[in-house]
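Two complexes are shown next, each including subunit A; its partner changes from subunit B in the first to subunit C in the second.
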Partner chain A sequence: MLKDKHLTVTVSPHIKTSLTTERMMWIVSAALIPAAGAGIYFFGPHAALVIAVCVGASIITELFCAVLMKKPATIKDGSAFLTGLLLALCLPPEFPLWMCALGSFFSIAVSKFAFGGLGHNIFNPALAGRAFLMGAFAKEMTTWKTLQDFPDGITAATPLNLLKEQGYDSLMKVFDSHSHLFKELFIGRVGGSIGETSAALLIIGGLILIFARVTTWHIPVSYILTVIIVSYFTGGLFDIPFHLFTGGLMLGAFFMATDPVTSPITPKGQIIFGIGCGLFTMLIRIRGGYPEGVCYAILLMNSVTPLIERFSKTRIFGVKR
Partner chain B sequence: MGQEETNNTGYFKELSKGFIRENPIFILCLGLCPTLAVSNLVENAFGMGIAFFFVLLCSNITISLVQKLIPDEVRIPCFIVIIAAFVTVASLLMQWLIPDVYARMSLYINLIVVNCIILGRAEAFASKNNVFRSALDAVGMGVGFTASLFIISAIREVTGFGTFLGFRLIPENIKPITIMILAPGAFFTIGFLMALFNLIRIKKGKVSK
Partner chain C sequence: MKARVTFKGGIHPPENKGLCGELSIKDFPPPETAVLPLQQSLGSASEPVVKKGDKVKKGTLIARSKGYISSNLHSSVSGEVIDIRKSPHPLLGEANAIIIKSDNRDEPERDYSAEEASADSLSSGEILELIQNAGIVGLGGATFPAHVKLNPPADKPIKTFIINGAECEPYLTSDHSLMLECADRILKGAALIKKMLKAEKCLIAIEENKKDAIALFRQKIIQLKNAEGLQVFPLKVKYPQGAEKQLIYTLTGKEVPSGGLPMDVSVLVHNIGTVFAVYEAVFLRKPLFERIVTVSGKGIKNPANWRVRIGTTFKMLVNHSGLADKKIKKLIMGGPMMGLAQYTDEVPVVKATSGILVLTSDEAADFEHLACIRCGKCVSVCPMGLMPAEISKMVEKGRIDTAKSIGLMDCMECGSCNYICPSGTNLLQYIKLGKYEYLRSKNVKR
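What follows is the complex of A and B.
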């Protein structure tokens, strides 16, 4: 018997990446830190408490569920940390802490572990937690903090709220001019959820994700392009930067819609997913009852992800359709 | 003697199967629409449970009595006519006795006519078994349904309103979780209770994982 170890071949895959789930989760979390920091800076210490409670409650729930379901504890992979962080970033800065803990519990226990744990969940856990809190405590979820620390700090309502409830004129009254409004929106000195206001920092975080190859460009780009096109045809030039930089669009497009578990894996599928998210977001913003539609748009598209994947399957070489 | 004993246990099994083994909501997954709709308050759940119990018992007894007279081809319409008659009786009785509860849920009381549990019991059981067995079956299923509604509504009312049968359990300053009295809350509650029932059945070895 001739045995040459240079000729023995292991089972495929032969080319492996160093990008593990654990590494990926921590890179995403790191990319969110600038936006989280800006949230704490703009909204004060209570925002930090909200983040801490969400992350803590998520990790504790994850431990509890893992023990209950006799699964290996998966704290180290950072998915619970990331879910808690993402949930906190889409909550209002003055949100009561016990509600934060309840939302985190829902995110992890109901929308993740009830479906079988990481990798089996249909819906993005952080967004499902937010949708639950929106249904449970609608009043607290729409109470926004005034930015008192800044001389030209602005209003209790978010810009989208103002536009929806009081119309375009009152929005202009608060912000004086378009350029001032866009500047404030870009930097993040407006009312809103903790981590969604600063478009600039979120874009930086998103670019980090794309360049670190944690996510591909397909979903964010198709999502944002759809929003640009729809807002141009429904409103005009002024609406494009407004819809881009308000609300949770940047946070949603870069960090929530790109969740590898709940979005399609093929590039074609990802583009369909992004377009769908964009269309639903704009539909809810323009015609819907809520001022903001990012959360529900992504959740809706999450639910059709298996269908999209079936239609966008890549053809196996040499096999006819 | 031995024969009688097996008969007796047979009767008891007929009665008790609706409690857990063939619980209409959690195991058979029937009658979920009224369950979702009326289980936000314990009071509503009781009203529904009693009306349901009455209609199921009467229709099961009647159908098993006339099973020989009903032609097989038109049995479903015949069942529905019989059930509708008793639903009318129940709804008139409720309007007289508990008008408050009736005003809140008249729609769902009238919809008992097409309730799949009642129709299902008529089709699968009462039209093939004698009166006594059908009555036992109706009592078991009725108790199973009412008890399930009671459990679901107790969970939803305490978490969603902070009250139980109108009495405040959770102090005013703790916000109730509004979503629990909306439709999603019913789905969460029913889902988790179903999982619990399946866990019990798996532990008992009745079904495989």
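What follows is the complex of A and C.
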């Protein structure tokens, strides 16, 4: 008899998707594992330590902040784990561990919890953490472990560093030919941050995100297309694969810019956001003082997300523009 | 013709339509006591024309429509009126109802099995009167009185008459089974309405998951002598494909203006069940006192489609179908997307009851409220092109006017946003609250 049952009364709907926030976070984390694994494989055990410390420090900070702000601890939702992992992947492989912990603390405590916790932050926490470390420890943040034999005088560099500081010729001196350079970039056997060197594995991870419906194509495609177009018109055909597969572009386009909290919620807004990221990335790479622009480009676009949303409202059914 | 076009947005929840197994309609025995709420449609409740102690037959008028938007009510059993009192109501919580004790003879007011030959020669006015007398309301769930809808103002001619057989709600198969069993009669009703409206086209829209119904209707139409303008239109399987505005857009490419009605784009939509009821009212002179109800859900041992008398309590249907030995969580009238959770099984089947679902704790979602992560999924699934997360946030903050300005009142409450939300936020609850608050504030200002 139903009379004896405890009937729950709620508003409709009574069913919901199984793709929860928690599951989305863990899918993103899982999609990053190949790239993280490649980082450890290429750069050695210290990279693994950097990842472990960042993840651990993020989770501890999250717990600490939750207790302090009397909010329920949300470790289970995987967002702290993911922030720690993302931060680690954009740090140099030999980065001092205590700095890793400090960066994670900044990511979670300052750029996430100070704004109200999950869903309320303006800036991508991992990128904000990286920007903080860049400002605080510029030397350590630009000390790379490299995998190539460099000509005399250059101790270590990423391909983007090399291009910016030494010019095109020395880049060619290191890698011999275009095809060799592109191959190394694509596989990830070049200097750089732990998780951003292997374009191939990042693309695989990104496709997993899109097929698992964790994210949509709008931001990655508009971001990458913009980079392709700008690099073609500023450099030429050779520049396209170079800019695509070097630096943090793939990591940024698939995993950072797509952070739902800090990007626009409408498809049209997401496309504008992606284009903006692409333009600023290329502007910094070509004209800026830094060799790499992904981090700041995304942070910059994060800050204009509310503005983009204002101009990219959806069209209501039955209402003419 | 394959279904090519569709509307923007929508979701694909698990269908669970197979639970009912073979789609046949079984007759549910008339209830011992029928509870017939006076409020069976949108608008005003009907006014009783019987009193305690009156003897009634099956099909006897027991309450008359009161006001323009209202509908007649007929007894669903033969017996005696034992009371008119407040009773549980599946939509209103509690409302006045006429209680009739059955004499178990099931004696009809007249013979409802023979077809009137004269139906074809009736005038529009006569047909409308028959429909009004029979107390027909929209059986898809909206319960708008059919005779009002079928009588559009002269300056709004209807070009396309759409019969909605989408049945996009998961679990429900009542329309599907009706289409399979009563195709001929539905087509007769369709032709009648088309003629009455002087519509150019009559499109029967069926989701592609009901291939047998599509094939059957096509075959029947070919056999018809006078099938001009009559066409079956297969629809993509997607929720909410059966929503009126989305259906019209899919079939005609026209958008019903915000705040407008289908007749503004020369279209009229009726549910398949309503068309069947119109057939019965006009050809058989049978008032609406029974309907097809899906009794399903994983909490039900033997899910099935029943022809049920209005006024039968949910309890009788659920007990007859048997409860599965599982943890029961919810009793719902309607589908899992838009249906209403009931607090008691004492509520009666009303004209709006398309299904009764008993959901287990595995099926019925627990909504764990996490913070909105602004993923935008609600925006991309909203068939009305709204930004549900934004509207809900504004309502939550009490900014009803802002919510209104970004489309609060355009929401049709399909629940797609709530279904897809990974954070489990109660988007629809806030939107419904906002609509309620808005209408209330508007009434106060007046």
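Of note:
Definition applied: the second predicted complex is superposed on the first by the 295 of 321 C-alpha atoms of A that agree within 3 Å, B and C clash if a C-alpha of one lies under 4 Å from a C-alpha of the other, contacts with A are read in each partner's own complex, and residues count from 1 in each chain.
Just so we're on the same page, a residue touches a chain if its C-beta (ideal position, glycine included) is under 8 Å from a C-beta of that chain, and two chains touch if they have at least 3 such contacts.
Being a predicted model, the structure only gives us computed values, none of them experimental.
Contact with subunit C, but none with subunit B, is seen for A:Gln270 once the two complexes are overlaid on the shared chain.
In the superposition on chain A, A:Gly318 makes contact with subunit C only, while subunit B stays out of contact range.
Taking subunit B and subunit C in turn and counting the residues of subunit A each one touches, the greater count comes from C.
By the document's definition of touching, of the two partners only subunit B reaches A:Met99; subunit C does not. By the touch criterion stated above, A:Phe132 is placed in contact with subunit B alone, subunit C being left untouched. Contacts of A:Thr10 after superposition on the shared chain: subunit C is touched, whereas subunit B is not. In the superposed model, A:Leu118 lies in contact with subunit C only, and not with subunit B.
Using the contact criterion defined above for the overlaid structures, shared-chain residue A:Val110 touches subunit B, although it does not reach subunit C. Looking at the shared chain after the overlay, A:Lys70 reaches neither subunit B nor subunit C.
Within subunit A, not a single residue is touched by subunit B in the first complex and by subunit C in the second. Residues 175, 177-180, 182, 184, 188, 191-192, 195 of subunit B touch subunit A in their complex.
Of all residues in subunit A, those touching subunit C in their complex are 1-3, 5, 7-17, 19-24, 74, 77, 117-120, 216, 260-261, 263-267, 270, 313-319. Partner subunit A is touched in their complex by these residues of subunit C: 8, 11, 13-14, 170, 245, 249, 255-260, 314-315, 318-319, 323, 328-332, 334, 336-345, 357-359, 363-365, 367-368, 370-376, 379-380, 382-387, 389-390, 406-407, 410, 413, 415, 418-424, 426, 428-429, 432. In the complex of the two chains, the subunit A residues touching subunit B come out as 96, 99, 102, 110, 114, 132, 135-138, 140.
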